[in-house]
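Before I ask anything, let me first share the structure, which is written out below as structure tokens.
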């Protein structure tokens, strides 16, 4: 019932219809067109609706297999098993679910599994919270997976769909996490432009993988994924080290495709401004309002939206921030991981202002960013 | 310590009890023609399970 | 930093970086990588022929994707690679699988991605060709070789290529292997004709 | 029939190392050989790093010889002694993490059903007692609740052996081990009974001291898992290293435990499975 | 010139604040405006405080999340004010100068003098609408309170969205594909649908509620004295 088209056609050429939907529904619409073989679910606020909806399209026949696992660690494990079995898989989680499953994420990368997982970010205990917060991204920065951060439901739809061909390239073949701020994106209803429902991505080709798929139809027949690589085997410390480097290299190799599918790892408005706001996710939206108001007040302010957190747009940010007098990094978390990232790559990093930081589910008022802008100029 | 089983072929009756108790693969082979076993000493770890199992004392382990 | 990193024969050091992390990008269709720089496919084919013909002890390392006739067309490609090795006068040592081998490998007759240097040292190989190895394992081996040996590495890849090899071809198929063999034969004739 | 993955490319047949050639020429793939023929065919296992006299290694040897279709078998393992063996076994194997083996197997089995709807791909979990009864118990049981078509095999050495001999849920009450310095203070977990209650259609407890009987259990478990439902086999595999007995005593110890009633081989079969088994065993006669 | 309206709807779980926000936002979109709609970020439970937010503008809106500075506040249940069943305290927190309050109550609620004087200082206009009463009278279910509240909103802010867009949004919301705000909302949806026969009947009845709700609105004039 759906026709396979090239990713380029699906992303850039096919006509798009505007629908007024939530971020969770955007997940459904992306997965509907992604030719996903299997999806495995487990509830957690604010992700649950996304995987309910994926269940609905399983019932409608858009996905071939779907079930609810018993906890996030188990789900991420089952997803790994399915991926090693050579099918295209999708799942989603967020917050405490992410942490519960944590051991798997670096395992996915190390095992070169092109799993696409949506993370609907939320705060982690303690105390208990179900509110939006991007702190889990800070923990995931070094798991080896590619990390895309959606600003809104449109991004979530686009990034999810684009994540599959990015992840599945032979030279990349590592997981892609698509992050969306819980509630701010998942539960918010807005206009999203989607491709026709009767087209979908080409299927996954397991035999182009950089590692053997586990089906006893592919060579070698003696193959363990993934073995202990320990010093019991001569110089195999070097094998482990080389393996880790290869996973890092795989993320690097994703830069060209991320760039061409997403239009760059970042997006800039008024690049030559004295004051640059650099941020990602929902904070970009809030910053857009702040920039508009700041301009009316006569400030020379620019905005950098980082779409791709891993691999990090290091060179781009170095070039952009070279002449800026101040860099403001608003974040929806307590630890300020994005500000730290930026500080770690630019020489004169005392101009990086890690504020405002909003967490615990609180909304970031436009005024709080404006206040930082005014402080810079004072 | 370096030990491996020794086989006295004279005593072997080809019952294969040694093969069924050996935790190592491809160490003791059975020759259908001679109806006796052969031992690949290079792969033997010298646990002695076959020595215990052998009903005819055809297998020995030096240091046991 | 990009453009500058040269992928040269080692030993580069205790733990050399992945070339991709140093800014070396994989070639696009029709292109190839020579020592970290992009060149045309044709130029790379000639470079490979020259390297192989000037080598003291070249070896081919066919991997499982070629050693086992697991799908249609593999036996033919394997034959073409063998013909190429024969044309060069190179030795062939297989990489039958990727397991961390216990308790040791016999470096005279096989190579393993977890310790490829053992085979290179043992056989005093100065130029080697990886072919039919899954990309992940080829990259691991290529980095270990660059780190600890002086062997010049060439990768004939059916997929997108390998930055960690000194020369890397991408989308290698039967025709391209045969083209390389033809170039090798041609160069041999030239050497013989022009030689003393 | 020989599958293509087991056929040498003629151009390289002369350089394939002997151990692979033997597997192709004289291995158990696609052949009707089993435990009785051990010693006459090339086993799937090569030299492995487990201790001399290891009961677990012996069980693995018998397990690999018992596979009804090694050429279509994928083993899912877990962290522990057994995961040191599988790199040397000539079947595809997944070692993912500690305890998640039954979840990985669930995903794998369903994926293979999608990709090969007309073939039986045997997905078999082989893990230790720690992985099965302790850290992975929820995932093991949920794979049974969900009626996944997988076989779960526990290699029960009554301890965490790979980490140096700590108490596990399968250790006998009173046993002094690391982390149980005063002796284990609760009884061995009744995994076979749990398996039966959780939906396994076939449950067996066996011993490598009776290799033919164990083979039969393993074969039944794998064949029934294909279409009837989840199955479970628990194999007693004493550990001479951590239980500090002489490594030539492993088999006698097994016999002794059985004689003393500490260890009881047993089988549970549902009516549905019994019916399927009758048909299967009828055909093979 | 941008005309951006921020609306906060405060009520109790099950009264349909999320649904009302959805219908309003979808109607704005039908009218060619831009709208962003989201509920409060909590676990929704029946009769526990619930909020939703609607932003409507003729220009792109980027802001999202809680509406901290509303132009219009809709109170779906008297307890929001009288018993403080509200996550935003006081109930008029953040109301912008000249803002509107629309309260579902059969009777005038006892606001304190301090509250009255603050509202007067903001030049706020307060309207009452007996929305639950209207819903019960017209549709025989209190579950249509939210629709009556929308009727009240249409009466006090007639230029916000068109009646036609509201009616189409109601049809889409209850008749079209599966709606998703949250699982709990989806469950309540089925109850609403079961109260009406066919879709046409549902839309017709609901539009009647919108009308009657609008007619039932009356303004409460804060006395000058209160603000003194």
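Letters A, B, C, D and E mark the chains in the order given here, with residues in each chain numbered from 1 onward.
We take it that a residue touches a chain if its C-beta (ideal position, glycine included) is under 8 Å from a C-beta of that chain, and two chains touch if they have at least 3 such contacts.
Small disclaimer: the values here were computed from a predicted structure and weren't measured.
Note on connectivity: the fewest chain-to-chain touch steps from subunit C to subunit E number 2. Contact with subunit C and subunit D alike is made by A.
Relative to the C-alpha centre of subunit A, the farthest chain centre belongs to B. Chain closest to the overall centre, judged by the mean of its C-alpha atoms against the mean of all protein C-alpha atoms: A. Chain centres were defined as the mean of their Cα atoms; on that basis the chain farthest from subunit D turns out to be E. Separation between the centroids of subunit A and subunit C, computed from CA atoms only, is 35 Å. With centres defined as mean CA coordinates, subunit C is found 45 Å away from subunit B.
Distance between chain centres (mean CA atoms), subunit A to subunit B: 59 Å.
Subunit B and subunit D have CA centres that are 25 Å apart.
Shown for subunit D are the residues that touch two or more other chains, namely 5-6, 46-49, 87-88.
The residues of subunit E never reach two or more other chains; the list is empty.
Within subunit C, contacts with two or more other chains are made by residues 67-68, 70-71, 96, 99-102.
Taken chain by chain, the contacts fit none of the simple shapes, being neither an open path, a ring, a star, nor a full set of pairwise contacts.
A list of each chain pair in contact follows: A-C, A-D, A-E, B-D, C-D.
Interface of subunit A with subunit D (complex): residues 37-38, 40, 64-65, 67, 69-71, 73-75, 77-87, 89, 103-104, 107, 111, 206, 212, 214-228, 232. Listed in rising order, the residues of subunit C touching subunit A in the complex are 15, 17-21, 25-26, 64-65, 67-68, 70-71, 96-102, 104, 113-115, 117-118, 134-137, 139-141, 143-144, 147-148, 159-161, 163-164.
Listing the residues of subunit B that touch subunit D in their complex gives 16, 19-26, 28-30, 32, 37, 43, 45-49, 51-53, 61, 64. Against subunit C, in their complex, subunit D makes its touches with residues 4-12, 15-17, 20, 46-49, 87-88.
Of all residues in subunit A, those touching subunit E in their complex are 20, 22, 24-25, 45-46, 48-49, 52-53, 56, 130-132, 152, 182-185, 187-191, 282, 284-286, 288-289, 361-366.
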